[in-house]
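One structure is given here, and the rest of the page talks about it.
Chain lettering (A, B, C and D) follows the sequence in which the chains are written, and residue indices restart at 1 in each chain.
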Amino acid sequence: MSLAFNELSSVVLETPLPDLSVLRGVAVTALGVVAVVTGALVFRVDSMARATYLLAASFVAVGAAVVALHLDYVGVVVVLMMLMEMAVMGVFMVMLMGMNPALMPMSMVHSGRRALAAAGTSFVVLTVGILLVDWPTRPDAPPSDPGATTYSLGDALMGDHMLVMMVVSPVMLATIVAGVVLAQAHGRYERLGDDLRGTSRQGGRR
Amino acid sequence: MGEVVQVAAPWVLLAALLLGMAALGVAALDGALAARAACRPASVGAQHPLVETARLLRQRRRTTVAADTLLRHVAVGGFAVAPLLMVAVVPLGEWVLADASVGVVWFNAVDVLVWVLVWLAGWGPNAAWSLTGGYRFLAQAMAYELPLMFALTAPAVAAGSLRVGDVAGGQQGLPYVVWMPVAFLVYCVGVLAFSVRGPLSPAGGPVISSGVLAELSGVDRLLVLAGRAGLLVAGAAFAVPLFLGGGSGPLLPGWLWVLVKTALLTAALVVVRRRLPDVRPERFLALGWTVLLPAALLQLLVVSVVVVVRS
Amino acid sequence: MADAATSGWAGLLAVLVLGAVGVAGAFAVHRLTAVAPRGLTAWPWLSGWHPPEHALSRYHARWYPVTVVFLAFDVEMLFMYPWVLVVADVGVSAVVEMFVFLGVLLLGVLWARREGAFSWQ
Amino acid sequence: MAVSLRPLQRVLARWAVRGTTVLLVEAPGGWAARVAVERAMAERGWRAASSPADADALVVCGTPGDGWGEVLERTWAQLPGPRARASVAAPSEVPGALEGLAASLLDDDVQRVDAAARDLVPADVEPGDDMHPAGLELAGGEDDLRDGLEMDVLRVPLGPVLPDWPAGLVLRTVLSGDVVVRARVEVLPGAPQRQDPADDVARRLDAAAQVLRLAGADDLAARAVRLRDAVPAPRTSSTDRPEDAPSPRTSSTHRPQRGALSGTSSTDRREGGAGAAQRRRSAGDVRELRGRVERSRVLAWALREADVVTSSPTSGAESDAAPASAPDDLRDVGLDARRRTRDDVRTLLLGLLDLDARDDDPGRRIRAALDALPERLVGVDVVSARLLVAALDLRTDTLDADDLAALAPREDDSDDDSSDDDSDDGSDQHMHHGHAHG
């Protein structure tokens, strides 16, 4: 059984693969189209759930395109983070909407004209920027193992640039604190009373 | 064990077959245990998956008034596909379907996909019980996901790689479970949680009338049931290269060891989840943040210190 | 084999395709085996009562304070995975740096716990 | 094409029927019938359905009284099919009923005819408009909900068609998310049935099994069910039921005896020595089960705070809306008002398994519990609510005619007046409470 499996897989493996750089170009383009279309559909649907997950789909397509560009880690982590964030965001979008989040015609656009202008301008600026900037050419070929790019990312984060982490951690802490302060309607003092012993109010520590 | 070889796409069929059989096995063991608890012949209970499959194939599909049919279908289909996406990066001995350089992160991404699927399964039918199930699952996800992520990184740190094959290969002689048991346990809790069944099943326990399953019938229900059994199997299968030494072992060929280890861990998880009562997300939330998360971080610290000292 | 990695993603693509085909196949088979090929539409189940309103609504998730802590904490995973690869090479400084970082975040978690963010408000 | 598939469909049908799922509906007074059905189901390898979508068969246990008709028809329409239904008024009817269900489900032709005859969309679905999709209202918001945010509430009736739920009980809840904002109790009546004291132990084991099942402790639940079925009560196992049974009496003349297993009852004398020995053994088993439940630390952990108050969803009346009116009354029915009773469910569960505990007047206890429930559940999540209701062992068949009249379903679907009352009460208690603890 094992032997047959072995032989078969080696036969299949030795069949030559098509030129993948072309395929990659096709994949990136197709995924880009998917990302744009799903992103545009966000504004067309009448359900917060659909809007949220269309946006997630758009991000997934972007992540896949990044993977196709040989940046495995960045691509997959975009998918990971965006699925997670959209799942949570969906909850908030549904919860905080001014009307029924699923069954009524709705518009995801606010002050459409200005938004359109802003979006158009930023698109033009970015595109022009991309085209005009004199991008550096890399001296060597990109590493054949996409894992190597992940490694360099880690190296960049951890090696000489302690700064990133040292800046990010207080920011994250501030985010947690600020977020909880804002979100937590009934903090410690409200639950436990001014002496924090839970005696002045019912409910107490559980 | 040597290098991991990536096999061609058609082998996906074999993976799907193995996964399907294992999922049947999970349901059979579940049925047998339930039958034994009720003092009925275990063999009758073990037929449960076949009987249930026949029943659901025969049962008519059913949707609800003003349901979000698209999202419902995404959820139902997604449940069937997600376990496959997980096992795709698990090496079966020396073969793997997708030798991704960031296989560990990929697994993580798929387990987050489960959040989406469960919530959509809850949202889709436009029904109160389903909706409640979906939301309660997300509440639980807030508790298990971070510890699970850190548990996933511990073996990767030890192996210095996010490629699943490398992680499996990095534990010659000494499976990681031996010196990172906490990470393994936290990982198993995560698997129990994302397989939407047993003690960590706020999305579908009897107490909320089976929640996200409440409005599903026929093939929709079948796919979701199969998918969640598959998720348990996929979770167990991924633990094999991560913690249990991959295909290494005496006498048997590597691929067989992987299957044996997966089967044993799956069975153990099925037994464990039968023995534990349901844990409500509000209880689990505090546990996840104050016990599981610090424990996983501590384990990670130990592992990274060992790695630094060793290098 | 320079593009072996890319074909690794080809494997995942194959999984997706097979999955989609499999699901479609299951639905097709079900049309033949079910007592009626077309699905029914029913009112959602509410213990035998007619639903007074649609269930899809602005659903109150009382655990939302946790999500804030969670989202702040999970951003950290962005750094965690690349860090995994370089721990052995960079050495002590990488470990110290990461765990100081995590420690700071854990302080936030502790504080959030004291504020009761994890107890279902 | 269809012809060639027939053999396959027959095979599927044969296999499918071996695992038939049954949605059990119990009308007050239908307890013995339900237990008999459950036992027969277990023998066939059948399973209880968790919802109509999961069910192949609808079995109504007992004799439904007024108000049940529409509920049952609606439920019946929600079974996807193949489907079959049966009514079981007494245990003696069980074998025939189940046989009939199996035959009907097995007959592919009958099922296909039934399926073809059904409306694809319920007749009362209307085109509707933006504000009423499908002719159904959109969920409404409540301004004064928690945190000052306007959020929608859902009116979700719990019962009567709900597994592991007291017979005929309808708890009309208003849910904000999964938290109960308001609740109202109604009871759909059943046919009067004689109360048999000998059933008491079996009924308590049954209630315990329900709590354990809801709590997800499947093995313990299975054990409780087995003990329930093994309780040597002549009536539940015998097939003939005295037709001349007197109507229910909840007064002291016919009080169930909590000590039935260990003490002497009339059945004891009837059966003689063998019965007594069996009874002793059975009592020992129950004690053992109680020990297991009591020792299980995981279960204790899982059940603890099952009923913890989340600060009540109405921001006006905060978490203290609950320290309900009369603590003594609540303690009588097993609810500790002062603490919001973290361990209520577990305590009640252990009480159910305690054969020495006595329940002198279940009718009064249950009436008091039903009265206390709506207030008690405010701010409790729906999961805990179900656990608590199951643990209270609400035997609706002990209610007398006056109680039933008071708890009869109201015509109007809205709960505005009651809600006003509730919130008034809430603020009163708030003040009351402030004095008590200030």
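Note that a residue touches a chain if its C-beta (ideal position, glycine included) is under 8 Å from a C-beta of that chain, and two chains touch if they have at least 3 such contacts.
As the structure is a computational prediction, the values presented were derived from the model and not from experiment.
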Problem - Leading chain pair when contacts are tallied as C-beta pairs - result: B-C
Practice task
Please compute the C-alpha centroid of subunit A, do the same for subunit D, then give the distance between them in whole Å.
Solution key: 45
Handout entry: Gap in Å, rounded to a whole number, between the CA centres of subunit C and subunit B
Key = 13
Completion exercise
Taking each chain's mean CA coordinate, subunit B and subunit D are separated, in whole Å, by 33
Completion exercise
subunit B residues touching 2+ other chains are 6-7, 10, 57-62, 65-66, 68, 100-102, 105-106, 108, 123, 126, 128-129, 135, 138, 145, 161-162, 209, 214-215, 218, 282
Fill in the blank from the handout: Where subunit C touches two or more other chains at once, the residues are 5, 7, 9, 33, 35-36, 38-43, 45-46, 51, 54-61, 67, 69-70, 73-74, 77, 81, 84-85, 89, 94, 98, 109, 119-121
Fill in the blank from the handout: Going by residue number, subunit D touches two or more other chains at 9, 12, 51, 53, 78, 80-82, 115, 121-122, 125, 133-134, 136, 138-139, 146, 151-152, 154, 156, 162, 177-178, 305, 308, 311, 381
Practice task
Quick one: label the inter-chain contact graph as line, ring, star, complete or other.
Solution key: complete
Practice task
Going by the contact rule at the top, pick out the subunit C residues touching subunit A in the complex.
Solution key: 2-3, 5-7, 9, 54, 56-61, 64-65, 67-79, 81-86, 89-90, 93-94, 97-98, 100-101, 104-105, 107-109, 111-112, 114-117, 119, 121
Problem - Residue numbers on subunit A that touch subunit C, as the complex places them - result: 17, 20-21, 23-24, 47, 49, 67-68, 70, 72-73, 77, 80-81, 84-85, 88, 91-92, 94-97, 100-103, 144-147, 150-151, 153-155, 157-159, 162, 164-166, 168-170, 172-173, 175-177, 179-188, 191, 206
Exercise for the section: Quick one: which bits of subunit B touch subunit A in the complex? Just the residue numbers, please. Expected result: 5-8, 10-11, 66, 68, 70-71, 74, 95, 100-102, 105-106, 108-109, 112-113, 115-116, 119-120, 123, 126, 135, 138, 141, 145, 161-163, 253, 255-256
Practice task
Write out the stretch or stretches of subunit D touching subunit B in their complex.
Solution key: 9, 11-13, 15-16, 18-21, 42, 45, 50-51, 53-54, 56, 78, 80-82, 115, 121-122, 125, 133-134, 136, 154, 156, 162-164, 175, 177-178, 212-219, 222-223, 225-226, 296, 298-299, 301-306, 308, 381-384, 386-387
Completion exercise
In the complex, subunit D touches subunit A at residues 130-131, 133, 138-139, 146-149, 151-152, 305, 308-309, 311, 319-320, 323, 342, 433, 437-438
